[in-house]
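This report concerns only the one structure given below.
Lettered A, B, C and D in written order, each chain numbered from 1.
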Amino acid sequence: MDKVLSVGEAIERFVPDGAGLVAVGGMHLQNNPMALVREMVRQYRHVTRLLTSPCGALNADLLVAAGLVEQIATSYVGFEHLGLAPAFRRAVEAGVLRVLECDEAYITHGLSAGAGGLPFVALPAGLEFADVWKANTESYCLVTDPFTGRKVLAGAPLAPDVALLHAAAADAAGNAVLAGAHFVDRSMALAAKTVVLQVERVVPTDQLSRQAVGTTIPGFLVQAVVEAPGGCHPTASHGHYRVDEAHLRRYLSLAASADGALSYLEEFVRGVTEQDYLRSVQAGASVGGEL
Amino acid sequence: MDKVLSVGEAIERFVPDGAGLVAVGGMHLQNNPMALVREMVRQYRHVTRLLTSPCGALNADLLVAAGLVEQIATSYVGFEHLGLAPAFRRAVEAGVLRVLECDEAYITHGLSAGAGGLPFVALPAGLEFADVWKANTESYCLVTDPFTGRKVLAGAPLAPDVALLHAAAADAAGNAVLAGAHFVDRSMALAAKTVVLQVERVVPTDQLSRQAVGTTIPGFLVQAVVEAPGGCHPTASHGHYRVDEAHLRRYLSLAASADGALSYLEEFVRGVTEQDYLRSVQAGASVGGEL
Amino acid sequence: MNGGAATPPSGWATGELMAVELARQLRNDDVAVMGTASAIPQVACGLARATHSPDLWFVAGGACGVNPHLAPTVASCCDEELLRSDTVLPLGDVVLLEGRGDVFTVFFAGGLQIDAYGNCNLVAVGDWARPALRGPGTVGLPFLSRVGRVLIYSLSHNPRTFVERVDFLGGPGFLDGPGSWVEAGLPGGGPAAVVTPLCTMDFDQATLRMRLRSVHPGVDVAQVVEATGFELVMPDQVTQTAAPTSEELAVVRRLDSSGVLKGR
Amino acid sequence: MNGGAATPPSGWATGELMAVELARQLRNDDVAVMGTASAIPQVACGLARATHSPDLWFVAGGACGVNPHLAPTVASCCDEELLRSDTVLPLGDVVLLEGRGDVFTVFFAGGLQIDAYGNCNLVAVGDWARPALRGPGTVGLPFLSRVGRVLIYSLSHNPRTFVERVDFLGGPGFLDGPGSWVEAGLPGGGPAAVVTPLCTMDFDQATLRMRLRSVHPGVDVAQVVEATGFELVMPDQVTQTAAPTSEELAVVRRLDSSGVLKGR
């Protein structure tokens, strides 16, 4: 049961153009599955609805910059201390990207609901005082707590059709181990119908950390494994390399205009293979690290 | 902020007689916090409502045998391949122990709801075809899924007043690390108002495993730490020692009658200190192991 | 518990035969899950992986090792040995996935009572409020409504275990039969097979009642009928369960080197 | 973003002063949580632990290190460095505990807009559906309704940030003031203090509107009034924020050895 594919094959076989709900893993400037995201751009894979972790970054902005995202379900897209997300901001302000406004609690618990077949998730009292649910009546509504009679907020389950995720390592059967922080990546894997993993390296099964409960993704949830050392660049890969802030600043500066964004895409994504990209940015030079 | 107490002090200070909802950690024959449970028996601490993990064993049966439990919320009390739980069985058949019949999904997700301040948890469609909820209308009821209009099962949050838990090690501030399988012990810690931990050893903070996301309990959730090497005996302590089946069989044989149960309690619990107990059963002889 | 068991006519224990017979119900694309005291289904899955279904996945619920190495097989489903496995999940995640419904294709089940429609009861015999026999509880059996195929196994085969109707429905089988089953629209596929010390059964497509499929070596049909507290559907031809092959037994004994299935 | 910031009149950076001033709002029994780009509150908590509140706990949300060692402080709240800490929680557990409401006693917040009642907005300026400025999103700010004390900090202090009413209510403060606040019966205690490059503010008990408490060294009241887009409640006496002591600055610089708070 060898699930190891090239990045091109993995996207071609497992992410249809116009896929329904596509989740991208990683959070803020860490563990973004950029090799998979770049390949989505190369293959012009449109996404009907993109779901980020509580905090999306380049994983979302690059797909938006490429014009591939129709709707986005998120509670944050930005670059933290480096600034706002240029393509996301431009697309929303221009009215060409529909936002399904979410908050962190809903994304986190909604993914659990998706993983668990829970029909919906009832959210803590008080969250309804934020305007979020009023802006997103598709994902949220009010429900009466049957135990107290109080009106509380309910969220619909989040069950991605596809999750694009990064892990430190996996075996050929798709058993994967996460390094560092996990964010909601494991939840996305549990909730998604199809999981495409990029990893720093493919390893034999017996090298996976077995007893660390909760640090792994079992292979029966995974459809494809892509060996992509350096593949989170320019974001960080926990256990392997830090964020490349200089490259991110270059992206932010270019993507500040629509034309600039296109030239970034041409220079760093569409015009180059993943191997060439990594060589050009010298990513993965320090790849190694322990699981 | 030194939270290390003797087992006697910990129960005396943090578990009032007649406590509302008391959760006992561990599952089946593993990681039962028996040092704490035995001390509950020694101090005649009555429990209004005892909550087990999805599968309780000696942790519940001993408290029932001692006549300390008024109600029990559980989805299983038994000794697996060794047989039924004698005291639990006798008390329920005699009508002196009220059972809040639960299933594994409700205990697991209900604890998450307790930890998360979720007003209730909506359970997967289909679970309502089991009779469980009809036997426990206090914990379960039907609710209309606001997104589909379908009737589904809802469970009330499980937020223990006290959780009695075992961990492999903790520092004096209550930061704890779990070894082996975690069952729902971390969920109990997250959901409980007061957490009393027994550990194989108290260690300096810098010996705790820091980067293993999800294997720890942070000290701000913990009120008391009891160093109790061998304290899971006769159940197993993952990472430290195996189950003592001979002793469990002896318990099962004695506790098959009410009188026998009392003589077990006298010989192994009330009549002896924890130190004497461990010496008499030679538990903890092999205690050591790595975190 | 083994009151109704056949004396093994040759060199295998009842538990070993049952593991072999359960393994034959498994497929290469299965993802199986099991719970309490599940040494038999664990060995069944290990055997399937070692023979006809190398890509089968199984999760030993409790400890939640994924494809535990069973070196050796252990009696408690929460034993630390089960963490010697390809990966390990937290219990909470396994419970989530049981609810998701489209992940696990096989769920091993059992009970103090098992009825003609494959409903299981591990809670109480008699009136729930004041039971004649209080069982341990239902654990994850309500999830039977959501999985692909339910494989039921029981070390007891007698009229107290195999009853017309469970006193407490803890694990949904085909409920009250065809009408109720269709109306319920459960996401799962329902019970697929039942393996006991005497025989292997499945379910009649029309009535959804339990049907005898094969009697184990050394057992005759009359014994099964007598040991069953309801009227079994009888096929035109009752076959004999194939004895474990020497290859099957060799694998079983490699996995169960300490003899848990032999009751050691 | 620093448009309204005072030029530091002596040897400390604005971010350093803000961390020091936030630390002064913390207590020994606090359990604090913070999110995106939270180097300033992280250093504030580290400083509090190193000085007056050794038993304070803090969780650097994102990576979710508990009492991260800040050696050194990092800019991204998800940076792996934050796992160098006493313990680490999974993000999902921190999100659960934020909802539990009685665990975290301090929540650090901010926004593109902060209004007179301490409501925060990180989502959109203008009409949500077609915003003049689309912000990143609200992340965990809706939880502000459930924690003990909300400590707001902002690197911008100008009339675009400090507005009479947020365009989008992402993080509930005192809502529309006393009536609405009481009626809502929120479990949290509401906003407690606001620290900016110019001043420290709190909230008037009667009106629940933001009130000037102290101006930072080198800043005068008129500057604050001009930089604020709503009418600030003025106390009888506006004090001057105490300058960071040399001990405070030494700790800050030990924790932030790479100078993140200096904008390096």
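Going forward, a contact is a pair of C-beta atoms (placed from the backbone, for glycine too) under 8 Å apart; a residue touches a chain by one contact, two chains touch by 3 or more.
The model shown is predicted, which means the values in this text are computed figures rather than measured ones.
Determine which of the two chain pairs, A-D or A-C, is joined by the larger number of C-beta pairs in contact.
A-D
Between chain A and chain D, what distance separates the C-alpha centroids? Give it in angstrom.
One centre to the other, that is 28 Å.
Could you work out how far the Cα centre of chain C sits from that of chain D, in whole Å?
57
Indicate the whole-number Å distance between the mean C-alpha point of chain A and the mean C-alpha point of chain C.
Chain A and chain C have C-alpha centres separated by 39 Å.
Let me have the rounded angstrom distance from the C-alpha centre of chain A over to the C-alpha centre of chain B, please.
37
Can you list every residue of chain C that touches 2 or more other chains, as numbers and ranges?
64, 83, 88, 90, 95, 99-101, 146
Which chain B residues touch at least two other chains?
As it turns out, chain B has residues touching two or more other chains at 105, 109, 112, 116-118, 123-125, 180-182, 211-214.
Identify every two-chain combination in which the chains touch.
Every pair of chains meeting the touch criterion: A-B, A-C, A-D, B-C, B-D.
Okay, in this complex, where on chain C does chain B touch?
36-37, 39, 62-64, 75-80, 82-83, 88, 90-92, 95, 98-101, 122-123, 128-143, 145-146, 168-172, 175, 184, 186-188
State the interface residues of chain B toward chain C in the complex, per the touch definition above.
Result: residues 27-30, 54-55, 74-78, 80-81, 84-85, 88-89, 92-93, 95, 101-105, 108-109, 112, 123-127, 129-132, 135, 180-184, 187, 214, 236, 238-239, 242-243 of chain B touch chain C.
Give the list of chain D residues in touch with chain B in this complex.
Residue positions touching the partner: 31, 54-55, 57, 59, 64, 66, 83-90, 93, 95-97, 99-103, 146.
Report the residues of chain B in contact with chain D in the complex, numbered from low to high.
1, 112, 114-118, 171, 173, 175, 177, 186, 190-191, 193, 205, 208, 210-214, 216-221
State the interface residues of chain A toward chain B in the complex, per the touch definition above.
Those in contact with chain B are residues 105, 109, 112-113, 116-125, 141-148, 150, 152, 154, 156, 178, 180-182, 211-215.
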